[in-house]
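So that you can tell them apart, the chains are marked A, B, C and D in the order they are listed, and the count of residues begins at 1 in each.
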Amino acid sequence: MYTHEYPKRVRYGETDQMGYLYYGNYAQYYEIGRVEMLRSLGLTYKEMEEEHGILMPVVHLEMRFVRPAKYDEQLTIRTQLRKLPDQYIVFHVELFNERGKLVNGGRVRLCFVEETSQKTIHAPEFLLEKLRPYFNA
Amino acid sequence: MYTHEYPKRVRYGETDQMGYLYYGNYAQYYEIGRVEMLRSLGLTYKEMEEEHGILMPVVHLEMRFVRPAKYDEQLTIRTQLRKLPDQYIVFHVELFNERGKLVNGGRVRLCFVEETSQKTIHAPEFLLEKLRPYFNA
Amino acid sequence: MYTHEYPKRVRYGETDQMGYLYYGNYAQYYEIGRVEMLRSLGLTYKEMEEEHGILMPVVHLEMRFVRPAKYDEQLTIRTQLRKLPDQYIVFHVELFNERGKLVNGGRVRLCFVEETSQKTIHAPEFLLEKLRPYFNA
Amino acid sequence: MYTHEYPKRVRYGETDQMGYLYYGNYAQYYEIGRVEMLRSLGLTYKEMEEEHGILMPVVHLEMRFVRPAKYDEQLTIRTQLRKLPDQYIVFHVELFNERGKLVNGGRVRLCFVEETSQKTIHAPEFLLEKLRPYFNA
């Protein structure tokens, strides 16, 4: 298992007139979580696209909203990989507020697409290599 | 069952550098779908908030991404209620592109909160009244 | 002079906790205004990019905020060209609420970039051709 | 004069299909710049709203786009106050990329509104107090 945490403050433009983080903005928090997790492993989405020609479109998203997040709260995005990626990579995400309370939890599944052929491929070896030390596989 | 369709064009600012509608923007399409469905019934979110003091926060969201939506495509948002709301209201949503192909499908569950007490309540009678003719209940 | 009007409703996710359309979302309304103006002339951004290889990045934006726009209001985006484009194209934009009151006014200047050379170019002839009938030039 | 710098990374959802930070998202960077400047002075928007009942709507925005910002670039938001606020507060903002090149520059003018009366007021004394040491006034 590999877990990574990253802070993100709720911005004014992200709230709605209920005074809460708008439900449609959580997906961006999930994106930040997984991108920063990859960076913590020494990988970037940017390199995957530019150097390896691999795109990672999202194929499934699920989230439950537990309690509201308010303007200016510093949330913690906790992102987890619970198994090694294969055809897919699944990020489990939880957002906590400053008091450590769960705000939102969910998961997002992405696949790997080779840009030139536009075909889905298996998780690339350079990614698996970085991840294997964290799994018993 | 009550079904409603509403068109929405993919805007430049909604695309990402893959050239597709960014995955985080679909939730806004879902919002448009359900708001316009309610309007087609003669109800508005705005009135629910302002006149009835009822908020409808999202508690669960799930979506699968079937094929990409591209810049300037006119999508059709099909929103369905498959049962009468009770403690929750569940909107089933499907987005189709101009060729009638499914782009994205999912569902979103909301609850009803009384603004003054901040307590969850049952679906209000004025909403059920509008919906009953479409259900065998 | 060429003037075009297009309706756009203020969505929940576009409001902020003041209960108003968030100031950072107006630029998207401006984009919708100019894209739909071009469409009314029989042109699309999409074709300009895909068929003509011309990109139109924004180089300058200015707007004043006159009165707030509220959730669910149907705004009218009035977009004007006051002179024929040359190196630049300048769209003058005004947003009106349902009571015909000015909400926001401004202008946005874009240039023309040839995608292959990444050089700025003069306004393309096929665009000028569509516009000349509306100008005394 | 008071100057403050704050980093912000360009996120995937903020890019458009040109591969650049979408022009409509810069206003959010400006918001982050001024909010974090206030925080560096020991003030927060949140407190201004909640404790002092003062809202700060934007009344004017101007920006020029100098060069594109790309996905995953870490931008520096430099925010400056060049004079003490009076009826208005004007933030001058410049965004620089990782090579220190100017990406975008502009300014945003806000006023102060008393929430209860919905009237514009002069810059509050608790804000001026924090700022005076940085100005010769």
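What we mean here is this: contacts are C-beta pairs under 8 Å (C-beta built on N, C-alpha and C of every residue); 3 or more make two chains touch, one makes a residue touch a chain.
Predicted model, so just to flag it, every value in this text is computed and none were measured.
Engineer: Thinking of C-D, which of B-C, A-B or A-D forms a repeat of its interface, with over half the contact pairs identical?
Structural biologist: A-B
Engineer: Would you say A-B or A-C is joined by more C-beta pairs in contact?
Structural biologist: Higher C-beta contact count between the two pairs: A-B.
Engineer: Just curious, how far off is subunit D from subunit A if you go by their C-alpha centres, in Å?
Structural biologist: Their C-alpha centroids are separated by 28 Å.
Engineer: List the centre-to-centre spacing of subunit A and subunit C in whole Å, with centres computed as mean CA coordinates.
Structural biologist: Distance between chain centres, rounded to whole Å: 34 Å.
Engineer: Go ahead and note the Å separation of the Cα centroids belonging to subunit A and subunit B.
Structural biologist: Here the centre of subunit B sits 24 Å away from the centre of subunit A.
Engineer: Quick one: which residues in subunit C touch 2 or more of the other chains?
Structural biologist: Within subunit C, the residues that touch at least two other chains are 12-13, 18, 20, 23-25, 27-28, 31, 71.
Engineer: Give every residue of subunit D touching subunit A within the complex, in rising order.
Structural biologist: 11-13, 27-28, 31-32, 35, 44-46, 71-72
Engineer: Quick one: which bits of subunit D touch subunit B in the complex? Just the residue numbers, please.
Structural biologist: My answer: residues 12-13, 15-20, 22-25, 71.
Engineer: What residues of subunit C sit close enough to touch subunit D in their complex?
Structural biologist: 18, 20, 23-28, 30-31, 55, 57-65, 68, 106
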